[in-house]
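Below: a set of structures, written as structure tokens.
The following pair of complexes shares a single chain, subunit A, combined with subunit B in the former and subunit C in the latter.
Up next, the complex of A and B:
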């Protein structure tokens, strides 16, 4: 069955509406089962407790140095778990393939999966960030600058999701080799989390360039979203005919 | 492209240029006042860093061609370039800390330039792993990885400009005196010829391996 050059006109309306309907579908399924949110939030709690046991006894002066690393490390762990689960669900029911042959823009699938993953990650962050502030009082700037913290967390998670969704979807359409998700996801998402780490440290140290760093993160997010959206279809189904020399 | 005797010519050039560059670096170039003899590492560290980044970009471009046109040759170029990124990157990541230890007193300072360069290496290591061990169709996923890896190159370049780092800025290269350039050019040409020759040989090997696989399948 050829997926290339199919009719792009959809019975589901324009792209934003298609994406919205797919998000609603996934959220409805999640509300029924509550599997992804409950497991990832619980995992966040476990990671938080482990971080507390390992590092909370360190002096308050060290907290601004370690809290940014712990925050984004947890995003990496929870993010990979969320992405695995979101695409496993499709894989188990073989619905990703059905979605790919349905009269839906592939970009809408990418945007919908990225949005759902972002929402799950933000739900986990709602527990993680206050938890870090309680365990590490030296990181209290996260609580005293709520608007900057929210912008930071949203931008960091958005960058992670923009990259992660593409690769998790690419692996979900292949056969097996789950171990490769970790091999791919951790290195490829590290650059965007490096930006987030620098911005978080600047926030905790009350650095005057925090807003500049947030601007850089927003620019990187736009670049990653554009790349992710552009590559989603070629990675999932391929384009063109093979050229053998 | 790969049938022309370009690779032997490049290896021949490297064979002549490498000993000459060693003579230029160690005998003809003055010893830098602040860093002493440790500064000599610069003549090999910088070309390896440039080769690493150049092949990361080549790999990214080849991956785009591979994805858009499903070109087997572009795929082979991408694989060969990625492996060269790993080799040159390893040279860069080993020589850099030796220089850092001599000049800053610490081999690894977790500086933004160092970290972003190490991340580039990890992304291409991940590319090679996916190409080698991925299931059927994973070459498309690997190509996307290469494109994201190539997008990381500007981050490495601008890391010293946008973040506070201990690594010398990119302006240092432009301000080098002519005597230093006279030693840098031979080293750069020798290592570039060697790396390009190796990549061409690897491209040919990859194409032959794929040809064998196709014959075995048919």
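Up next, the complex of A and C:
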């Protein structure tokens, strides 16, 4: 399929157009390779089955305690796998530097990588959440409050990718440092995921402050996105600006 | 009006940690000239190119584009630069046309015009391979496609890092022709190489970089009236000393 002649973005400004083109580009590569989706979906199903076998027989009263941990643990690992692979693709052929030399907004690269990671996470959550509801009846509030569940999952994943994309990009620009991603990513994304964990438990326990938690998560997401967007360029191209000895 | 030329680096110095990789480097590239940067591995050629491209901001010294200091390279600056790196920097799962289209469309989104892809493919002799996945390309074809991407931007400044590597005799002749055409068009060309033959054949000026410093240079115009062989001999002398 040719990109030329399918430009539906000409009414947008340069930043959203470039971000959109890069999202399509990453999705096209993924469609040909199916590496990220197959790995992460398979991982999600394995986690679901293993946790189901281990904990489903526990009383339904315990399910609201188990399900949130399972949900956000899965987000953490799937997110890490996706971010590693997305930036490894650019590293392997050194194409990230080609993008940096081209007249491409750095922010467009950030938005595109974050969007693709978010899409992969949401695809996995589309399997995981119904699976949780089936295996853990005590977590049925996820099904009975679909709009709240969707908002919760989207906000939690968004916060994760806002921070994760920044660090994955920083490590992708150095050579041989991508193995550090998981080491760095888990601690820095933990606060966001803990926030999401508390909100999920509140949803499952029908806590009246669920909507307040969601509002707070949205505020944290905005903050993290602004921070990620602001720091992305220095992280990506600021390597050479080391201190003069 | 030019966006990046003349390119001028003034007393550029850069460290990686405590290791000084560039030391008081002065560099000047005008429209319609080819400047060859020669040096052994580790001489600082790639770092200097990264400074030119804006991938590194020098810790000391100044980078001037089109007569004005340029701390960072703007989108307008980058739109006027074509780059061929030592590695081809192409997406292996896309075909040749898709690789070019991605960058042409990204340029279009930034308001920068590009040459028609078909024309560039013809010019680089890649018309028959345009729908082949890049992963199946030979090293020489990758190099030609990387150059095609640079030419799509109709660059004011063309920066090439060891572009003759992996090219066969025909490919080298074709690349030489293209570089001469680009010079005639008015592009400024910065060419990093450790091939003295290439430098003497194409360049208007040859600089030798050693230990991060420009230690010698020779200009074709200094030798007005002498035969090309005189320039070649000077370049060889520069390289071997």
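One rule holds in what follows: the second predicted complex is superposed on the first by the 225 of 245 C-alpha atoms of A that agree within 3 Å, B and C clash if a C-alpha of one lies under 4 Å from a C-alpha of the other, contacts with A are read in each partner's own complex, and residues count from 1 in each chain.
Basically, a residue touches a chain if its C-beta (ideal position, glycine included) is under 8 Å from a C-beta of that chain, and two chains touch if they have at least 3 such contacts.
Quantities reported herein were computed from a predicted structural model and do not represent experimental measurements.
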Using the touch definition from the top, say if A:137 reaches subunit B (first), subunit C (second), both or neither.
neither
Give one of first, second, both or neither to describe whether A:215 is in contact with subunit B, with subunit C, with both, or with none.
neither
Thinking of the overlay built on chain A, is A:14 touched by subunit B (first), by subunit C (second), by both, or by neither?
second
Which holds for A:93: it touches subunit B only (first), subunit C only (second), both, or neither?
second
Please indicate which partner A:146 is in contact with in the superposed arrangement: first for subunit B, second for subunit C, both, or neither.
neither
Is A:102 in contact with subunit B, with subunit C, with both, or with neither (first, second, both, neither)?
second
Should A:163 be classified as contacting the first partner (subunit B), the second (subunit C), both, or neither?
first
Using the superposition on chain A described above, determine whether A:28 touches subunit B (first), subunit C (second), both, or neither.
second
Using the superposition on chain A as set up above, list the residues of subunit A that contact both subunit B and subunit C.
239-245
Subunit B contact footprint on subunit A (complex, rising order):
163, 166-167, 170-171, 173-177, 180, 183-184, 186-188, 190-191, 194, 198, 216, 223, 227, 231, 234-236, 238-245
Subunit C partner, complex, touching residues on subunit A are 2-4, 7, 9, 14, 17-18, 21-22, 25, 28-29, 32-33, 92-95, 97-105, 237, 239-245
In the complex with subunit A, residue positions of subunit C that touch it
14-18, 50-51, 53-57, 59-60, 75-76, 78-79, 81, 83, 85, 87-94, 97-98, 101-112, 117, 149
Subunit B contacts subunit A in the complex at 67-73, 112, 115-116, 119, 122-123, 125-126, 129-130, 133-138, 140-141, 143-145, 147-149, 151-152, 155, 162-163, 207, 214
